[in-house]
Amino acid sequence: MKKLINSAETVLADALRGVAAAHPELTVDHENRLVISNAPREGRVALISGGGSGHEPLHSGFVGAGMLDAACAGEVFTSPTPDQMLAAAQAVNAGAGVLFIVKNYTGDVLNFEMAAELASEEGIASESVIVADDVAVKDSTWTAGRRGVGTTVLVEKIAGAAAAEGKSLAEVAAVAQRVADSGRSMGVALTSCTVPAVGHPSFDLPDDEMEMGVGIHGEPGRTRVPFAPARDIARELVDAITSDLDFSDAPVVALLTGLGGTPLIELYVIYADIADALAERGITVARSLVGDYVTSLDMAGCSLTLLRADEELLRLWDAPVNTSALRWGY
Amino acid sequence: MKKLINSAETVLADALRGVAAAHPELTVDHENRLVISNAPREGRVALISGGGSGHEPLHSGFVGAGMLDAACAGEVFTSPTPDQMLAAAQAVNAGAGVLFIVKNYTGDVLNFEMAAELASEEGIASESVIVADDVAVKDSTWTAGRRGVGTTVLVEKIAGAAAAEGKSLAEVAAVAQRVADSGRSMGVALTSCTVPAVGHPSFDLPDDEMEMGVGIHGEPGRTRVPFAPARDIARELVDAITSDLDFSDAPVVALLTGLGGTPLIELYVIYADIADALAERGITVARSLVGDYVTSLDMAGCSLTLLRADEELLRLWDAPVNTSALRWGY
Amino acid sequence: MAVAVTLDLLERWIRESAVRLDAAADELTALDSAIGDADHGTNMRRGFTAIVSKLDTAPPASLPEFFKTVGMTLVSKVGGASGSLYGTLFLDMGRACAEPTELTAAQWRDVLTAGVSGVVSRGHAEPGDKTMIDAFTPALDALGRALDGGESLVAAAAAAADAAERGSADTEPLIARKGRASYLGERSAGHVDPGSASTAILLRTFADVAAGTAA
Amino acid sequence: MAVAVTLDLLERWIRESAVRLDAAADELTALDSAIGDADHGTNMRRGFTAIVSKLDTAPPASLPEFFKTVGMTLVSKVGGASGSLYGTLFLDMGRACAEPTELTAAQWRDVLTAGVSGVVSRGHAEPGDKTMIDAFTPALDALGRALDGGESLVAAAAAAADAAERGSADTEPLIARKGRASYLGERSAGHVDPGSASTAILLRTFADVAAGTAA
């Protein structure tokens, strides 16, 4: 394992030092492993998210005006703890309460749940929205439900814009929930990631195979299939998503994220094929993002997210945002 | 080789289709392989850069208001041709002439030279600035000079701001040259890249070694050394750069780019150590960027660029820019 | 050969668990690689290392305080599913523990039962879902049966450890319905659940420490 | 056995070169991997494939037009150092060529010399810099010597090809001072320069086509 790290144990602490050094416009609470926005939040709802590290820029790259007020960083692939989340709530609550944006993994859900209990004991009102958009996973009472992936970015952006407009906690939570309900994702891995503390790839993937529907922690996907040209992969991703929800009669926000080890040129190649596949199905992409937004350490591959939007969601999408990984209107 | 492509022959054409699909705010000339800004350029100097593909977001990601007017895309790792550059000049010249920003590789230099000759025959005034900032290469009459790497981004940004202010061709070229003269870079590879048309890694790098001073086309570097912790690598990069130029008495712009296969979390880890190493040497970082800016396909590793700036360069750096890979003030 | 659960016994339990979880970390992580995210060993090691240094610097003065210290440390240092679930286990054991200095075998059973109930309320897992509950449930049954049958604390604890180990082994063919492994659906069958394996280690350690056979 | 350089001979030269460069592409790229960026074979293949389809669709009617077509296609389709240098070679051969239909052996030498001078003015390489010039220079020398000594076009072309091949092989120990390989400094020694190898292929093909021994 060759990684730009000092030791597996210090990856998170070191990365947070790097975030602090690179972003004087953010406040980093090293003890609680929080990245906090310096943007004013007087009287408005504050947004908090967080999760295991290794998915950067998610979440710290989305802290700033118009998006998150704080991100809680867990160890690599391990959800943060309730204390961190409580400390974040205490740091950013401006009297209007906090919204917790939670990816649907048991660890994240349970820890944010405990945090909400603690916050309430401290007199901080909170709502939580759980993002569960990964169509690779069957959503049934027999599973922990779908994993949360790319839609998280869209929830953070759009709910952030709603909070910036001064909407109430219930309203911000409602719009966040609407985004969470309207987003679907599907990913593919060409290689496994390597967790620093483990030191070798999490799974073996032969040179002529790929993992369709992989999770962003290297969780196995739906099926392991022969490696294929970008255009076939694009079609499979689009089919998986569009057979789960109808996207043909609404403006769509498309997010194509690399998984950390895939260069941008490849993302553009497959995005061309995704755009074709969407057009063939009569789907209109109103807004798009292509790049690394939700990664899985050094995994090669990509994940596509589609959001069934509407005029209001697009308006909130277009609202100014000023974070290190997403910035416009500033 | 597992890549998100359709075939090695169509990588560039497909990627350009993807750029067009993802960025309706840009114009893509597929025949000439140009990415052209739709921002107004009435009467001001136009900026053109370009080079081999595989370094994305360089250059197409820097096309837009306040930065490049057009980027010419060559085949992977192969400089574009004079025709493309001429077509770009014809497309964006707004009467005030064009500045060609050229990375110092023989192919790029010779082709841009021919393009300047052709442009002049067509009555288009041009100036060229050559970026040669890679301290891994000895700059002597016995070599083709230093390679151009990360400083290119800084030249494009700062010269773009100068052009936006309405400065003359000579003035824009002068400020571009000043940036080119004041930037230094040094990179390290943990793995080789794989050129799609070749299908296997360009060089072998054992699991316990790294290539210090690697080039962004996989050119061998200064030395192959045992793999080391991030803090040691950081110190080596900083030493190589700061022993070539004094950065201690000027505000510095720091750019840390991943090489394509390295995730952001690792970049932040090593950036923390770079920031420490710079502070120890009494160097003040005034502005910083950490992310993928100049890549080398799927190579794992990073490259550090330092720019010896001054008040004017910082002011131009801070000026609004609106491109897909660099955006602020918009 | 302990006849009651004292603060000293509990402390030795947790310290010895830290040693054994450290030794088993790679194995637990390997289990978690197969059907999860390859961090269970690291998580448990981080949590128990933190508990040990907490016990060193601020030794709890009573049983409830002890359970709270262990629970809070797990909650605040581990993260993930296991951090909040094992944290809840100990916090709820603390809430259920009225005795300041020692528990009889029967009280120990009640306290442990309360902790496991807390895990169930938090995680909503049922037996057969392929989680730590598949080790805890048969262990509690065996503990209760042994004590009801008049066995000693030491013998009952050993029976509980045996049952936990069997329960953990028996998760192998199951299809996970809770936690990260549930995403795999049928592909989760054929692997032992990592959390059930760490539970078995904890309960085996308790039995060994109570019997005085631990290192 | 050609005695003059006709349009037909040139066309067969370039078409056969396209075949041989295609066959040698992996080898040229491998040379370029060692001391460059692993694209020389791909570059030459792309260029010559484009020339062949250009010749198919718009056959040039005169020698100057032929050279210009080849040169412009290389310039516009290849990119990189070799695109502009080989492009310059042919463009400058076209500029130096006054004859519309055929060249004597002596005129061929002059035209080729003019092309190589163009490469030198563009790239500023000197013999020993480990570039294509290290194949061209001895080839021109050998061509001139043979013709001055009264040899036929065919024999002189063969001598030039031999010299180019030797010149290319002799680049192996050299330290590159031009092009991408120069970044390597002393580490460039021990590898044959890819551009010199493609030059040798071009000149060998010319000799074989002139002799009538090409496929």
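Letters A, B, C and D mark the chains as written, and numbering starts fresh at 1 in each.
Everything that follows uses one rule, which is that contacts are C-beta pairs under 8 Å (C-beta built on N, C-alpha and C of every residue); 3 or more make two chains touch, one makes a residue touch a chain.
This is a predicted model, so every value here is computed, not measured.
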{"item": "Touch-network distance, chain B to chain C, counted in steps", "value": "2"}
{"item": "Chain whose Cα centroid lies at the greatest distance from that of chain C", "value": "D"}
{"item": "Computed distance of Cα centres, chain C from chain A, in Å", "value": "32"}
{"item": "Cα-centroid distance, chain C relative to chain D, in whole angstrom", "value": "76"}
{"item": "Between chain A and chain B, centroid-to-centroid distance (C-alpha), Å", "value": "29"}
{"item": "Shared interface positions of chain C, touching two or more other chains", "value": "none"}
{"item": "Residue numbers of chain A (touch at least two other chains)", "value": "76"}
{"item": "Chain contact graph, described as a line, ring, star, complete graph or other shape", "value": "line"}
{"item": "Pairwise chain contacts under the document criterion", "value": "A-B, A-C, B-D"}
{"item": "Touching residues (chain side chain C, partner chain A) in the complex", "value": "29, 33, 35-39, 42-43, 46, 75-85, 87, 122-123, 177-180, 182-185, 187"}
{"item": "Partner chain C, residues of chain A touching it in the complex", "value": "52, 74-83, 105-107, 110-111, 113-114, 136-138, 142-144, 147, 195, 197-198, 202-203, 215, 217-220"}
{"item": "Chain B contact footprint on chain A (complex, rising order)", "value": "2-7, 11, 14-22, 53-54, 56-57, 61, 76, 190-191, 207, 210, 227, 229-231, 233, 256, 260-275, 285, 288-290, 292, 295, 297-298, 300-302, 327-330"}
